[in-house]
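Both complexes below contain chain A, partnered by chain B and then by chain C.
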Partner chain A sequence: MSNQTKASLSISPVLSVAKDEWRYWFRSKLAMSVLLIGVLLTLSSVVVTGINMIELAHERAAMQNSSEDTFMDQPDRHPHRMVHYGHYAFRTPAPLSMLDPGVDAYTGNSIFLEGHRQNSAMFAEQKQSTGLTKMGNLSPAFILQVLAPLMLILIGYSAITRERESQTLAFLLAQGTSMFTLLTGKGLALFSIVILIMLPVAIAGLFAIVQGESTLVVLYFLFTYTLYLLTWTLAILLCSTLLAKNSESFTALSFIWILLCIAMPRIASTSASVVVPVAGKLETDFAVLADLRKLGDGHNANDPAFNKLKQSLFDKYEVDKVEDLPINFRGAVASASEEELSKVLNRFAEKRMEEELAQTETARLFGWLSPQIAVRSLSMLTAGSSIETHHRFLRETETLRLDFVQALNKTHIEQLNYIDDINRNNGEEGWAKARVSAENWKIIEGFKFTTDSPAVRIERGFSSLIQLLFWSVMLALLLSLASKNLARRASF
Partner chain B sequence: MVAFTKHIAREWRFMLRQRYVLILLVCAFILSSFAVFTGVSEVSSQRQTIERLKLADETDRLEAQAKYDDPGSLAYYTFHLSYSEPSNLAFAALGERDTYPWKHRIRMLALEGQIYESDAQNAELAQAGKIDFTFVIAALSPLLLILLFHDLSANERTSGRHDLLVTTAKMKIHLWGARIVVRLLAVFLCLLLPFYVAAFISDTAWSSIALVSLWCFAYFIFWTLISVYVGRKSSSAPRVASALIAIWVLFVFILPILGDLAIKQAVHSPKGGDILMVQREAVNAAWDLPVETTMDAFVAKHPKYANYKKEHEGFNWGWYYAFQQVGDQTAANLSQAYADASQRKYDFAAYVAMLSPPMLLQRKMTRLANSDAIAAFQYEKEIRSFHAELREFYYPWLFLENDFDKAVLSDLPNFNNNENQHKKQNKVDTNER
Partner chain C sequence: MTNSGSSAKYLLEAKSLCVSIDNKNILSSLSFSVAKGEVYALLGGNGAGKSSTLKTFLGFNLPSSGKVLIDGDEVNESLDKVRRKTAYLPENATLYPHLTARENVEYFLSLAEISKSQSEIDKAFERVSLQNDARDKQLQTFSKGMRQKTAIALAILRNAPIFLLDEPTSGLDPVAIDEFNNLVRELATSGATVLMVTHDVYGACQVANRIGLLRHGELVGQFEAKQNEKIDTELVHAAFAQRQTSEV
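And now, the complex of A and B:
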């Protein structure tokens, strides 16, 4: 800062403060190595995660297609056999998940769809992990949320304290540089580091646009991270202004970082799971089973639970024997019972998802206590890699499941003769007769899971955005108070 | 020695007057207490869940057993609970129990279709990770120690007291040694007191408590030595702390992440989905195959039932369960390869952990608490052997005997019965590692 006086008058004083800060960093081995490591780390995480997610997207799309083809290639069969043969659905990741994969590795990505059952998504990648990424992972989101603030601290902790320790602050103020100019200049210098760190992320953002993500969402995504890092810039300036010594500022800032970025996120999820416990699927399944038993077994057309259905069909077609019905009664039973069963299953599934969402939202409330939590939620919600998106995947696959099962049941009702059907177990001939043409398997429509619309995603993240804005505004206010206070004390 | 105790007493009083040290210690105590308290509550809720499940499972099974009389339907409609109970140390190391399932209900159908069902917890919370005692020690305690020890000499240097102190103190060790001992002791107490209380409540084995104490102590010494060593000559406390935090980032994040990438590249695993596909194709195809094809494949692995009773027309349960089993047999190689890959990945991670003390500590703790991936693999094996016991129980009635008497259901294998035997096995495993 000693060469402040040499600054030419033509450039604004703020820029000259920023320039001097950069000059100081260039001479500091620490600042330069942190900056270099920071940019390299972000760059490599963007590349590695990007490649990984694009591969996953292709892989899952390919598996989706092959699953559909296998289904349609099945030979002539009894339609109910196809209900049990089942179908697969895969969750393709959102384009922005190459910046924030979110829950992708923690939930299963494929789901087996079959009659009479709602399976859970299976084979979460985390289950085949080395256990080494329990503390942190290489995703750009993690780097930006946790490591970038640390880099900013390492580079900027002494912004003001340095001037105080070397007695240059009073000198600067006496010369007419206002505290505001000084802070703005130093802030601008730190912000340029933020821009440097964000650069590789922005490039990946462009790539996401190419992949079909909306430009608005990508800009918003980049904006929220910039705002988050700006919040840290403010916090760094604040500590540096409040405290007298470099070492104090450093200790205070690293302590705050440990609390907000390392401890708080885990405290949030632990608290949420203690405060809002969610019963496991296994446990709610008992209640489901109890309800299902009341419905009767759809495989057994003689189950008394279906007497009402039988009577209404008799009335409709004016017959008094199932054999005389123009439709296959067993198919009608299968279809009716699937309908009822899905209602029960969905009721419980919805309840479970609601509970899980309530639990997640409780954890998100901790964004008021740590900006890291605010930006983490906001990032996942914007990218479309949060629990909400997974829930929608579960809902959509359930629709897909019910559709194909009911389409098969319709075939069962309309195309398979009742007498052939009940004689299916009577030797080879009966077995061969009780089937329908493979043409009927063409009911499978291509399933492609897409991200929520930009409006929905941005709206979901609204409260997290408010939290983040709260942090930045609060810190800006505190900084302005602290700077006035310091200016009063430092000037003679 | 007396002189040293005097130094200790002086340093203790000195420490209590330093506000910033006190704040750090209080925070450490609060964090550790929170982690331990929530750990105890998590473990107790897991235990309660298991108790509730056992009860519901029993009721449900009895209901199903009352409804059906033939062995085929009984095997089809009765589910069986299996679970892996948290150990008495699990409160301190919740480990992988939020990613791997620890409870299942299975029946006698093809197991490959059932075993990967997971009753996982909230994915978004699992992604953020939970705080437990192991995390507090492995990840947070080094930071605490860095903040406490990095400025031992730098602080005195900058305030100009360094040379004076060094010349007045008879031996360097008295001055720095006493200060180090006092702070280390304070950290140890603040972090481990909550653990001891919870361990006492949870009935944790003395050997485990002693082992955990030893590991923690060694770990603290390690970080203290690094902190003091890096800071020994520098006069700039922030520079020392920056270097130390960089080392921490390297150990906690960078090395494990690089190791993870390398292992993922090195170990190839079949896709989980493929196991299911193969198994499904085999089971579904069986409906259209001649009964003999399935039975031959079945008998090849189960020669005891070579003389199975032949039923000519229509559906028969023996054939049905045989093709379920043949489905498993078809997928067995894939499934084994999948399990092996998981195991290999976890084993390779041990080498990475050698380079990263925090990872090493975490692995040691979760192994001792039996809450790591190995415990999850072991549980999967237990389910497989339980499924085999179930099949062994029903097979004679399905393939050989004719007069099924429902009274034999009282001999139905129960996952619970195996518990003691499995516990012993786990102990052997722990000792080996």
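And now, the complex of A and C:
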């Protein structure tokens, strides 16, 4: 018998197990096919979504400039015509939305701003979503959240059960290899698949940094997805350790995947809409209309609703006829009406946003029941494509709308004579006199919607991160218990 | 815990060992010991508890009472340590079918953090008479005998001081059985301690220094070879047959 045995420091047993697992995958067509499809799918999704989002960002920035230029290039006009001519505000997507478009695909990205009304965001699905949307919204986030765990299951479901079925597990243990070594090696091999899947995403992350995203946020984004897929790696090893047969492990993992990635997100959104009911659009529109009617017609200076305003102006300027006022009473009515109307509209808008946020937060609680929900929330919050960001866009555009409308109303009040104003329909001369200079249209400041700061985004996702950590720690503990149990039970 | 380390007189010891599985007594007050360089054969019919004894030495069965010691260490208290001292050869060598004989050996050696050169591995294959052209073929093409030879080569390369063999010659052809028996004797001569369980009376008498007769989990008789002699096959066979008949 040879006595030249020496401990090898170059290749540890854990690496040997991982290397052997790769060798098995290389010799198994299924594993390599799944891996190839997975990496190609992620890569193509990153490229297609990335190109689309970059195009959209440029397009929206260009449209924003064009909209502002068009507004300011309008000729001399009646200022209230410009109130109705309106203006557009576009939301430029966050750099990381190339990986997770989040609610962008559903909420719309541009708003037509005009007097007396708050329009909804437009152009949600048609142009904005990627070309792959028709195949089922195959964004990189969707692939990582839903398809990557399935790929890991297909590759790793038999990691331990295969050893049990062929009785190599007991032989390995009998040779002094510990379950810890075996599980760590198998886990390392599966985790290397995670790294391969994450590679195209990491490259896209670098691109996002070039686009202006914070390095910290990109690293955090990559970390959360790696943690999520590590959670699945642990779940796969746990099932493969607990169950005796390949078929049992595959069936159990498929069921868990359907439950956590397909069923649970739907259960979460349905439960949220039951727990936090939101009034329908039609119902809300009628309620808004009823409240607005009480305010009076801002286009009609003789509406009794503005008698109080009229009297206060008479008192202020010590006159008793609107014609004697030093300001244009019609403009004053329009301005006062717009202010009151905005308060009503904002009240309803804030209520709707509160309800939407409450629904979203209720759905996010389901992250304790599904890591997919936890990572989905965390991903959108980190990427800056969450409902919170959309609500900020709505609030900022409303401020923009009110500012530009009131600026035009101010022009109406101060620069257009009341008599000329009421005679605006008296032929060409009347029209000509009821105009103000186009110089007054230079009231629009360039609108640029920016992503929330890294600190805000990371803080918002903190509870989802805790959920994800809970899942990984819980599964690691369960795996540790299961492996100790199997080390005893494994037999020939 | 008893821990005399390598100074233990016996490398394998079962002391009043009782094992119950699913409330059924598998082993009852089993006591025997195997000294360094000794080949001990546990002989018994089906269900006598032979394989259960080996599994208990490997730590896969927990004793309900009594203890099993390997090199002075109680098995269930130092599982990984004692397993590293043993080379286990199951009835059907469970190696990886997708790997070649060489890859299997290399893989298991790397798990044990043992580094061997290719010439050392080839020497081990030669020692178990595994043909040159078979060494780089996947095990799924191997006969049972060839798989056994691969597993034995691995055991030799691991330099384990203790061999636990479960029906090692079952299913082998007569030539392979002879080769195997010679190998076991060779291992013992070089200082290895061997515990084999078998129902092959002839094979046991050929290689064992001592034979224990197991029935219903109890040791019912022991035979010992005299100096430079083999155990009398007829004597053992008669005892074995008598026990088997009395069981019927």
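What we mean here is this: the second predicted complex is superposed on the first by the 468 of 492 C-alpha atoms of A that agree within 3 Å, B and C clash if a C-alpha of one lies under 4 Å from a C-alpha of the other, contacts with A are read in each partner's own complex, and residues count from 1 in each chain.
The rule we apply is simple: a residue touches a chain if its C-beta (ideal position, glycine included) is under 8 Å from a C-beta of that chain, and two chains touch if they have at least 3 such contacts.
Every value quoted in this text rests on a predicted model; they were computed, and no experiment measured them.
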Touching partner for A:T360 - first (chain B), second (chain C), both, neither: first
Which superposed partner A:Y106 touches (first chain B, second chain C, both, neither): first
Which of chain B and chain C A:R266 touches, first, second, both or neither: first
Contacts of A:L173 with chain B and chain C, given as first, second, both or neither: second
Contacts of A:Y24 with chain B and chain C, given as first, second, both or neither: second
Touching partner for A:L147 - first (chain B), second (chain C), both, neither: first
Contacts of A:S16 with chain B and chain C, given as first, second, both or neither: second
Winner by number of chain A residues touched, once chain B and chain C are compared: B
Touching partner for A:Y85 - first (chain B), second (chain C), both, neither: first
For the chain C and chain A complex, residues of the former touching the latter: 51, 55, 58-60, 62, 79-81, 83-88, 90-99, 103, 107-108, 110-117, 120, 123-124, 156-159, 166, 187, 190, 192
Residues of chain B that touch chain A when the two form their complex: 20, 24, 27, 31, 34-35, 38, 41-42, 45, 49, 52-53, 56-57, 60, 96, 99-100, 103-105, 116-132, 135, 138-140, 143, 147, 151, 154-155, 158, 236-239, 241-242, 245, 249, 252-253, 256-257, 259-261, 263-264, 269, 271-273, 276-277, 280, 284, 287-288, 313-315, 338, 341-342, 345-346, 348-349, 352-353, 358-359, 362-363, 372-373
In the complex, chain A residues that touch chain C: 1-8, 11-13, 16-17, 20, 23-24, 27-28, 166-168, 170-178, 181, 487-492
Chain A - residues contacting chain B, complex: 30, 34, 48, 63, 70, 75, 77, 81, 84-86, 88, 102-103, 105-108, 110, 112, 119-120, 122-124, 126-138, 147, 150, 154, 157-158, 246-247, 249-251, 254-255, 258-259, 262-263, 265-274, 277-283, 285-286, 289, 356, 359-360, 363, 376, 380, 386-387, 390, 425-427
